[in-house]
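In order of appearance the chains are A, B, C and D, and numbering begins at 1 in each one.
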Amino acid sequence: MIAITGVAIEIGQALLVLLLAPAVVGLIRWVKARLQNRRGAPVWQPYAELRKLFGKDMVVSPNASWIFHAAPFVVFGTTVVVSLLVPVLITPLPFNDVADLFALVYLLLLGTFALALGGLDPGSSFGGMGSSREMTIAALSEPAIALAILSLALAAGSTNLGEMAARTVANPSAALSPGHVLAFAALFIVMLAETGRLPVDNPATHLELTMVHEAMILEYSGRHLALVEWASWLKLTVFLVLAANLFVPWGLATSLTPGALAIAAISTLAKVAVLAVAIAILETRIAKLRLFRVPELLAVSFVLGLLAVASSFSVR
Amino acid sequence: MNVFRKILRVGIATEDLPAVPPDTIAVVRDIDARARRLLGRAVAIRQVDAGSCNGCELEITGLSGPVYDLERFGLHFVASPRHADLLLVTGPVTRNMEVPLRKTWEATPDPKLVVAVGDCARDCGVFAGSYAVVGGVDAVIPVDVTVRGCPPEPAVILQGILTALGRLEGRR
Amino acid sequence: MDRVFEQVSVLGASGVLLCAIIMLWRRGLTAYISALRWQSNVLAGLTAAVAYFGNDRDLYWVAALMVALKGVAIPRLLTRLSQRVVATQEVEPFVNTATSLVLSGLLVLLAYTAARPLLELSTAPTRAGIPLAIGLIFVSLFVIISRKKAITQVIGFLMLENAIALLAVLATYGVPLVVELGVFLDALMGFLVMQIFLYDIHDTFNTLDVDVLSRLKH
Amino acid sequence: MTSLPLLLFWVMVAAYALAAAGALAPMPRLTRSVGAAGTMLGGAAGLALACLVLWTSDSLALEAPDVLAVAGGLIFHLDRLGAVFLAIVSGVAIPVGLYGGQYTTSYDGRYSTRWMWFNTSAFLLSMSLVTGAGSAFTFALCWELMALSSFLLVIVEHDREESVRAGLWYLAMTHAGLLAILAAFFLMGAASTGGSFASLRDAAAQLPAGTKNAVFLLALAGFGSKAGVVPLHVWLPRAHPAAPSHVSALMSAAMVKLGIYGLLRVCLDLLGGGPTWWGTLVILCGAGTALTGVLYALVEDDLKRLLAYSTVENVGLILLGTGAGLLFRSLGEPAAATLAFAAALLHAVNHAAFKTTLFLGAGSIIHATGTRNMNLLGGLIKRAPWTSAVILVGALAIAALPPLNGFVSEWLLFQAFLSGVARSQASMAALLTLGVGAIALTGGLAAATFVKAFGISCLAIPRSPAAAGAHESPGLMKAGMVLAAAYCPLLAVFTIPVLSTLTGALATVGGLPAAEPSVAIGVTVKTGHSMGAMSPVVILPVLAGAIALTWMLVRLASRRPVHSGDTWGCGRIGQTPRMEYTSAAFAEPLRRVFSEMYRPTEDTAVGTTRDASPYYIQSVTYQARLHPWFQRAVYDPLIAAVEAVAGRTRRLQSGSVNAYLTYMVLALIVLLGIVIGF
């Protein structure tokens, strides 16, 4: 019985993240607009965009094969599965033992892989360029992610998300330990790269030559585009939830009482909102990096991960 | 950090839309109610320069700035006609741009709107009769709304787009 | 209490090292100087924290001196110097940025391996930061080796001085004030001497690129 | 006498012999049928034998002291470690036989398919026998037979200079390797009573440390050259693509694994592990091999060479696991060692599955288009949908993406390293941390490589008339490919039984504890010291369910029509294949990032019009060439030195028979002198 409730809550929280994702992006855009001294679109604007895209026809190149049609579903599916694994409200989840943080990262890589193929499929040079760049960035961010995971796992004794969150809940002072802080910094940089935010990629660019993610999806329209966009917003939200609940897990429910769940919902929302505003402020402050400076940024992230792991050596 | 100090000092720069002389915006075709309902809140704009002198482009650039801020109406520019709902076409259609313009129109998924901006886009303006131009925009693709002016002000262009969406009153 | 002290000291030491890493990533001279400023300030904060937890009055003075001298005075001098004599603001490294970053990460790992015997001897709550200090020594030496401009070498040298101060603060809760003062004065003297040299190099070659010094052979 | 394993063994030998005898058949058609049937039967028998040995207490022991008695006779003893590799060889043989039965028709009339089948059968037989060899002599004999038969397969296309060169490289490297292996056995055998592995094992305990180290180094060099350890891998990207594709699959999927087998046999089984630096050295070799392999695979334009370099990469990953296992064992962490070795073995098995798939797919592409240059391919997904789908499965698996099998072994590898970092001193932990970084970077780059391999060769518009006229492979080839591709999801779903079989095999050789993968929700992988849990069996249906559900919901939500419109190119009039991204273009960003590894030489030549005005450009030619670092650092000087020495010795060659006779007499006298002197 408990298992069924657990699975229900698991699916419920995945739905919550799924429905929340457009609002998170809307919030970032709104804060950015305000920081540009504009009124900006309301926070719920992305929902309207999704609704519109689902109601539009599609135009598909005759060169495209079934890969082009399948890619948006694969991207969306993997991201949804990932959101099933992340502790949003409760920890540990019933799915805790199904996939750990490595599996989560590789699931996201599967989505990237599929979208890169989708970009190559219509034979457009923009799509090829986007795919090539996206895979470059994805490949180079892997080592930094792995080291960040390693450092978290060393502290928690497990690579599974439930144990990681539980350990910080149990031992609050650990949240300030250098391994923890440095791993957070490393993961944050990688998150910016993986989700195509500034300074790695500009989500609002119109210039093909500077595009990464946008160039890959230039051929998509209608419901496919809606899925791809939604998946990328969902990925961002999942990363934010992950960052919030792995590094500052207080508020997560450890029992299934309504009160605990309500606290968990509020605290997670607040944490994600804070991170979203932080991203907006960061994006106002910094400019996009040239593509060939991105590896350097990822090298910074790698070194941070290395330091995070190394900091655990001396306490032994 | 100076950036943020300046942001605070300036405050919100966006202005309300002024009233527009009635004859500057002409609705050429009936705009499909479905399109209006569907695209009312979120419209992606693809700008096509069919041979303009770039005067209109200068004005269009103003749209995304803080003063006119088209994003508050849920409008934004996109990089591909595949993503677009509305084509913002400027200039007389030159012979070289005739095919690309039609291709852009074909590449835009339905339902879609076309707004012709500037006198040239309406009737070729000063370029009328030149051997190098094909004609106004509606000689090549069906136009929904025309915005007059040489060049039209950003506010007028914005009104034109909103007219096309059947939302003249501009919410805020 | 001790646990908090441990956390704070390691965190502070990581911060100091991080400033060096960030510096390796940046390109402009201004960024280098501001990284140095931040580093000195973090170091001063850490020193104050050690003073508080370790009940050592003298260290407060050291911290104040650090802020005054290395946090304010020297960066200001450097800025003026760079504005006066340096034509381009780009730092030209011998080793490209990504490689320098990865190398500095490896150097820190090396420091951890090298610091093991030291850690086994020490029982101080600050000991966990010692490998970071040693790592910083390596990294600043690397900066001195790998950057072309004489002025970046000066910055590397100052960072080395910071590293030694960090090591002193962490390993022994800071050396006596007198010795610390002596080191400061040394560093200041070194800095002034280098400044004179920089002017000379600039006057002779019209650049601060130390590559040109090889011309002196002929 | 006629126990079941023995019966299966003889069936296997007889089947391969039958396949070889098929070469005598009058019609090429019959040769092919007999060859394919024999190969598949042999593979099936071998697989059954391996499973029997792995899952029951049965084992195979066969001694023939009278055959070649002068060298101690032939001894076969198939234990569980050998059975793992026999399973790999046999498992690969089945789809390869099926596929080869039709693929070899394309060689009819051009090259001798009889000779090819004879050698393929001999190759398979010798590989199978290597895994069961029970004495140093038997091992070396089968090893050499394997090398020779595969060499003959490399030079099948003997009129192409490239093939012959590849054959020469292969011959030189494999014999240098054989020398090292023989030297290792002689060093071990000096102290033992006979050449059998059992007596070598007993004697190894008494060997002095220095000898053990020498044996280890020789074995690493010898077996490493077969497995493709950088920098001894140079022959691999030359020889593997030169062979017919189904043979390339055998070489890449099965033969290189035997190098790993030899290393495990000598270092873990016979020597019983060694000091810490053995593991460290193997880890360093593995990391270097994995990164070099994947970096060169990334920039390769030739599909089969790309696959060959990717084999080098995967051998690196296997070596990383092996090295970690050796290291943990020497540090007294047997459970962690089991985890690491199991990860290595599982990756060996998995790699056999997806590399077979990919090489067979590449063979179908060559069959369909006649080229393996990716810059001339494209659009195959519409013309050869099965081939493309098979390559896609292989690409997903080799890029270590869930839910397929490559991910499982990569995950275990991560876990092995993680548990090592958590458990060792700072210096070792630092090494292992870098190992984690290397594995992750390799994984990421492999994903990029295979997006390119699949995306450029199978998607978009054909880049050449050959690709435009491509066709799907005929039935048997299709069946072979699909069978190989089916291994990938199956191995992922049956990870738990496979893994417990592998740890069981490890328990018998190195005295490692057998760790049962724990069963949490029925299926979770959690072995020994591993610090995480993961369940490929659940991920697969959940992922498939999520994708299917999304598809259905979207179907319900929006039924708007789909129109066809040209690929968007900013309104340009028409699209030609020249506008597409090419293989070189795709790899360009990463090539620049790692330019210090590649050190490319680049030339840009601008061709102007006749009057040479710089403003009227007619053509721009860009050329970039890579000169691999190992070539520059190791082989160029070596070849130069050998040539110099050869130049000197040429003076001895007078061409006169009398002179040669004089040399012989002189040599005889010198030898006699030495003998008398002793």
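Convention: a residue touches a chain if its C-beta (ideal position, glycine included) is under 8 Å from a C-beta of that chain, and two chains touch if they have at least 3 such contacts.
Remember, predicted model here, so these are calculated numbers, not experimental data.
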Subunit D reached from subunit A - shortest hop count over touching chains: 1
Innermost chain, taking as reference the mean of every protein Cα atom displayed: A
Most heavily contacting chain pair (counted by C-beta pairs in contact): A-D
Distance between chain centroids, defined by C-alpha means - subunit A, subunit B (Å): 34
Subunit C and subunit D: spacing of chain centres that average the CA atoms, whole Å: 49
Approximate Å spacing (C-alpha centroids) for the pair subunit B, subunit C: 56
Multi-partner residues of subunit C (at least 2 other chains): 98, 106, 109, 112
Residues of subunit A whose C-beta touches two or more other chains: 55-59, 218-219, 222, 295, 302, 306, 310, 313-314
Contacts with 2+ other chains: residues of subunit B: 80, 82, 106-107, 109-110
Full enumeration of touching chain pairs: A-B, A-C, A-D, B-D, C-D
Subunit D partner contacts - residues on subunit B that touch it in the complex: 80-82, 97, 99-101, 103-104, 106-107, 109-110
Subunit C - residues contacting subunit A, complex: 3-4, 7, 10-11, 13-14, 17-18, 21-22, 25, 97-98, 101-102, 104-106, 108-109, 112, 115, 119, 127-128, 130-132
Complex interface listing, subunit D residues touching subunit A: 378-379, 381-382, 392, 396, 399-402, 407, 410-411, 414-415, 418, 421-422, 425-426, 429-430, 433, 436-441, 443-445, 447-448, 450-452, 454-456, 459-461, 520-521, 524, 526, 531-535, 538-539, 542-543, 546-547, 550-551, 554, 557-558, 560-569, 575, 577, 579-581, 585-590, 592-593
Parts of subunit B lying in touch with subunit A, wherever the complex brings them together: 3-4, 7, 10-14, 38-39, 41-44, 66, 69, 71-74, 76-80, 82-83, 85, 106-111, 172
Subunit C - residues contacting subunit D, complex: 96, 98-99, 106, 109-110, 112-113, 116
